[in-house]
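Next up, some structures in structure tokens.
The following pair of complexes shares a single chain, chain A, combined with chain B in the former and chain C in the latter.
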Partner chain A sequence: MAWTAAVQREGARSRRRRRVRLPWQLGFLAPAMLFLAAASIYPLVQLVRMSLSDVTPETIAGHWPFVGLRQLKAVFVNDQFSQSLTNTAIYTLVVLLVALVGGLIVALGLSRRGRLSKTTTTVMLAVWLAPPIASGLMWKFLLSSDGAINSVLGQLGIARRPIEFLVTGRLPLLSVALVNAWIVVPFAAIVLRSALLDVPRDILEQADVDGANGRQRLQHIVLPILRPALLVLGSLIVVYAFKSFDFIYVMTGGGPGTSSSTLPFLGWKLSFVAYQYGQGAAVAVIAMIIVSLFSIFYVRSVKDEVQA
Partner chain B sequence: MSSVSRRAGLPARIVMLATLAIYGVPGLFMVMTSLRTNSEVYAKAFDFHFRPTLKAYQAVGDYDVTAAVWSSVRITGLTTLLVLALGVPAAYALARMVGRLRSVGLASLILLQLLPASTLVIPLYQVLRSLGLLGSVQGVIFACTAYYLPFAVILLRPFFLGVPVDIENAALIDGASRARIFWQIVLPLARNGVVTVGVLVAMIVWGDFLFALTLLVNPSDYPLSTLLAQQVSDFGINWPRLMALAIVAAAPIVALFLAMERRLSAGLSVGGVK
Partner chain C sequence: MRVALARRRRLLAVGLSIAAAGGIAAGCGSSSSKESSKPGSGGGGSLTVWHYFAVDTQTAVLKQQDASFIAKHPGVKIKLVFVPFANMNQKLIAAAAAGTGPDVIIADGAGSVQLAAAHAIKDMTSCVDTWSAKDDLLPVSKRVVDGKTLGVLPYGNLVALWYNKTILDKYHLKPPTTLDEMETDLATVTKGGDKGLLLDGTPTFTSAWSAQGLFTAQGVEYPNIDTPATTSAFQRLGGWASKGWVPRDVTSMDQPTAMNKFLTGKYAFTINGNWEIEHAKKDAKFDYGVTTLPNGADPGRPYISGETAMLGNFSKNGALACQYLNETWFSPAGQRLTLKGIGSLPMLKSLQDEPQLKSDPIISVFVKQASNATSVPPGNQFTGNSTVWGPAISKMWAGNDNPAGLAKKAMADLKGVLAKKE
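This part shows the complex of A and B:
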């Protein structure tokens, strides 16, 4: 009978309505949500507004003249922007490859228990957690024209003239990227070492019996099992490299010119060194869009790994 | 412990020694340089033959180190407290939610966490200016809390997922309020995680110089990390003094790590990647 079903449905609905009240979780969530709305979301809306307005030191305190997409268009034809965009790609790629390969090698090396393994892990993690400004300065000293590495190369007679790691050409960008990779390898190694524990021992032993060599075991057994972990780790590293500020600021200041600036760094430099807030905001908005696109990929890879 | 290179003793040993060298030697070198004089370093940057001197550490006193340390302590301490005060309840709530609100919440936290600090600081500069907080340590604390809160919530949540719901349900039946359950049951069980994440946030904020560099006006308010970052632009760097200052800034973090290594690495593998 149709009407009894309808009555039952109505009854269920009103019962549900009666029960509908704010979930208790909201009370716990609200302080953080309100704070982030004020301290993070609202500023990001302002950032977008800024990128559409002509904001200079004269106008920042008052009314921002709206200029539409003019600033974003100006940014796109700016040489500094296109160079920083290329730099960002190179920088991120170098950090990603070196950190993943280095991390995997270290993780494989550290998978034995023992005192040496423990000491190495401790030293590596201490370096990873030390303030980036301290390790950045250290590398600035090691790599400077009259610094330690050039001194060693000179004394060994390998380089007659000092190598300008941080001063001219493409080298500064690569040097900073390598230092950044150096600081990420410990993290990658720790993550991959715990992922390696998932590789079933009996399969490896069986492969051994079947005569597989180390490379074959790595390629056909270990890497496929590590795939999900590598995916999540890889996306974390990409984001980390993209966000990089400390090492660039300390070691090269993004220079010479913009030859070692990445996109987020350029946005900051335009805003707080050149005081072109509008231009800086436009670059930052583009960086934000790239991050948002990337976060979709990231969320998906995390979800896959959790399900796997 | 299963391992791929279980039989490959020698290669593993070589990898470990190489790693130890790659991460240990630069640090030793830094310490060595801090024990030399500036003229020695300029004459020959790499040299084992020198008489160690603490001059560079005495010269660190030329900077207003006491004020910088105090500023670092205030920024680090208050930011960590605020991040935990806001983040711990939020992480617990997100661990006990299902459905769309949770997904939206988590996704927005991830997105905020992925944003570069150098991007967020641009509008924060303007927001703090309009609040009259530009140039104040409170402004830096506000900015740091905004930036590190999403990171902390994401790291904290797995620790609350590990607290069994059954205990909470039993307490509910006994008539305990949600607030009381949280304080007296959940929080003590998740204490390790809260401490781990708190220490981690403190370590990161201690080293952060971007927010203070951008949002403070008066260099005498700078925390240690920013004081250090500011020296870079100096022409003709005094390397021993700078290395000494860097070691002074890094020492508390490294010491804290060594004291808590086991707890931190255990905590990181829970919070870790997920």
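This part shows the complex of A and C:
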């Protein structure tokens, strides 16, 4: 079909645009790279050192006794670690799926230029920019057993008894993940809307002429063109969700008990509540390795895309 | 060796500064240099005081204490630095690692052993010996560990049982004095459509703090929890949640939230503190009262705590800081100021007969409750309270797990925490 060839041509054109090489101009990046090295690499080295040492309040300012991989082993056998790892995976998956699907739906709704679209985008930006502590507190009260959401559900006859969103089983974790996704949806929508506006109108018009319906246009034109944006966005969301801490801290404190604790929360708790800085650092290093794997996947995906 | 240590501290400071977000550095009025200021009636000098007071009545008292000191010493400048409660200890440890920190800390002292280990605070024994009130302090006010005075409580805070008299009158009930009576009251009010008991159930030490009296009444004395009494206490209190007497979402409710909800008038009881007296006076639109925690086979005994005055280890105005505490928070006038402003109990023996302590129907109950209160356990016992005991109590209120299993796990986990070196 003519429009599928046009999609391929458009893809090739955008890839050519990305193939600009700037060898000597990279020198301009040197100051920023030096700053990054100082601000990122040094703390990273210290973190790894700390994860291999027995660091407590007593030793934090002095000599850090080296304990090697024993510390990582101790962290692995801790039952809170496996629980937090599972929770982190569930949390990340929920945020990723809801943010991508929600973001795409919103972006499609806002894909036409106009005043309404601009106003909605501005309102969504406000949601995205709201401090997590404030948003988290607001949702904590909304989701409480006598909060607004339960009142509405009760009045509509959907729930006879209040749903204990922040108490029962896996609901606390899922509730916090959904709130976090709610924050990410505007960001995803804005990114995807920008990508959607770049979809050439003539290809869509050709598809119309060929008799393609809405689903076919989405499946065969929009999504293939959005693929690079979706990959980048998805990777960013995974990294963001994986290291999310503030919503859990504000809404459940990792509880009830430890049931909604994630790896970043466990790392914080070990470091700043139990004062076991070494163990907290070990959890952080493990989390960092997992996030790095996602980053490698992201970089390879982008590279493959460019090479294709 | 010293140079190496200083260098290491500087390097570590860079790392910790990045890790601990927020610019508190501006508030670090002191450096690692040796003490320079001497106390004097009219001499100059400056003091940096770190605190986490966020309630108006508390900040008002803090400012009044400072104003009274400046009135006597016009040349002295006092810089108040607010640090959020949750960040206080990590900021202090980060500052100490950088060889700096405040002169005075008015904050929760339960982590004082860790702060001393990190060299963030110093032994106050010689300072307290210079105070006019040194022999007048109640023994419970001092945090003494291994012969070192790590901090002193300028006032006492503790919890008791607040009740909604309007609700109790509706059912012709009296404030309970025993756990059995408490259960009868809770069953009656919830059956009648009113709500039961609120308390902090968050998964940290504050839930252990709030529920402490309910456990001691059943013979559970933290940290000696490896007894059958713990299992039966978990079963009994877990039953309160499953019967709807305690809302299960107390697990995400801290002390201020519990009080705010109680003040809506829908709940019959809350276990909450004397620092809420002024708040209740202002916002309660119903009749209320306070009674001591219900007793079981043993008395209901809460922790007595409150903020603790500590001296920064890197203060360059140590003598002035000591004098500040002596003339403000630990003077009779300063103690009366906190009693009047916050409703907190004085820590001087000579003030235990103050008219307000006996005549005020609410404060007098807290005074009575204080007579059987216990100190907050220090060191690893405190860590265990935060990381094991508090989360276990939070889970108990959630009602998702078998209470006996929770008790068993808490007993095992606490052993591991207490076995660690401090």
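Note that in this section the second predicted complex is superposed on the first by the 255 of 308 C-alpha atoms of A that agree within 3 Å, B and C clash if a C-alpha of one lies under 4 Å from a C-alpha of the other, contacts with A are read in each partner's own complex, and residues count from 1 in each chain.
In this text, a contact is a pair of C-beta atoms (placed from the backbone, for glycine too) under 8 Å apart; a residue touches a chain by one contact, two chains touch by 3 or more.
Keep in mind that this is a model prediction, so the values were computed, not measured.
With the two structures aligned on chain A, chain B clashes with chain C. Legend: residue contacts after superposition of the two complexes on their common chain; A:A39 is shown touching both chain B and chain C. Looking at the shared chain after the overlay, A:Y275 reaches chain C, while chain B stays out of its contact range. Taking chain A as the reference, the larger set of touched residues comes from B, when chain B and chain C are compared. In the superposition on chain A, A:E164 contacts chain C only, with no contact to chain B. Within the superposed three-chain model, A:K140 lies in touch with chain B and with chain C [touch as defined at top]. When both complexes are overlaid on chain A, the residue A:F76 reaches neither chain B nor chain C. Of the two partner chains, neither chain B nor chain C is touched by A:F66. By the touch criterion defined above, A:G253 reaches both chain B and chain C.
Only one of the stretches 23-31, 95-103 or 131-139 in chain B has C-alpha atoms clashing with chain C after the fit on chain A, and that stretch is 131-139.
The contact surfaces that chain B and chain C form on chain A in the two complexes overlap at residues 39, 42-43, 46-47, 60-61, 140, 146, 253, 271-272. Per the touch definition, chain C reaches chain A in the complex via residues 5, 8-9, 11-12, 14-15, 18-19, 89-90, 93, 96-97, 111, 114-115, 117-119, 201-204, 247-249, 251-252, 266, 383, 386-387, 391-392, 394-395, 397-401, 406, 417.
Considering their complex, residues 23-29, 31-33, 35-36, 39-40, 42-44, 46-47, 50, 60-61, 105-106, 108-113, 116-117, 119-120, 122-127, 129-135, 137-142, 146-148, 150-152, 155, 182, 186, 189-191, 194, 196-197, 199-201, 204, 214, 217-218, 222, 229, 232-233, 236, 239, 242-243, 245-246, 249-250, 253, 264-265, 267-268, 271-272, 277, 280-281, 284, 287-288, 291-292, 294-295, 298-299, 302, 305-306 of chain A touch chain B.
By the touch rule above, chain A contacts chain C in their complex via residues 39, 42-43, 46-47, 56-58, 60-62, 140, 144-146, 164, 166-169, 172, 251-259, 269, 271-275. Contact residues of chain B toward chain A in the complex are 1-6, 8-9, 11-17, 19-20, 22-24, 26-27, 29-30, 33, 42, 44-47, 85-87, 89-90, 92-94, 96-97, 101, 105, 107, 110-112, 114-127, 129, 142-143, 145-147, 149-150, 153, 178, 182, 203, 206-207, 209-210, 214, 225, 228-229, 232-233, 239, 242-243, 246-247, 249-250, 253-254, 257-258, 261, 264-265, 268-269, 272-274.
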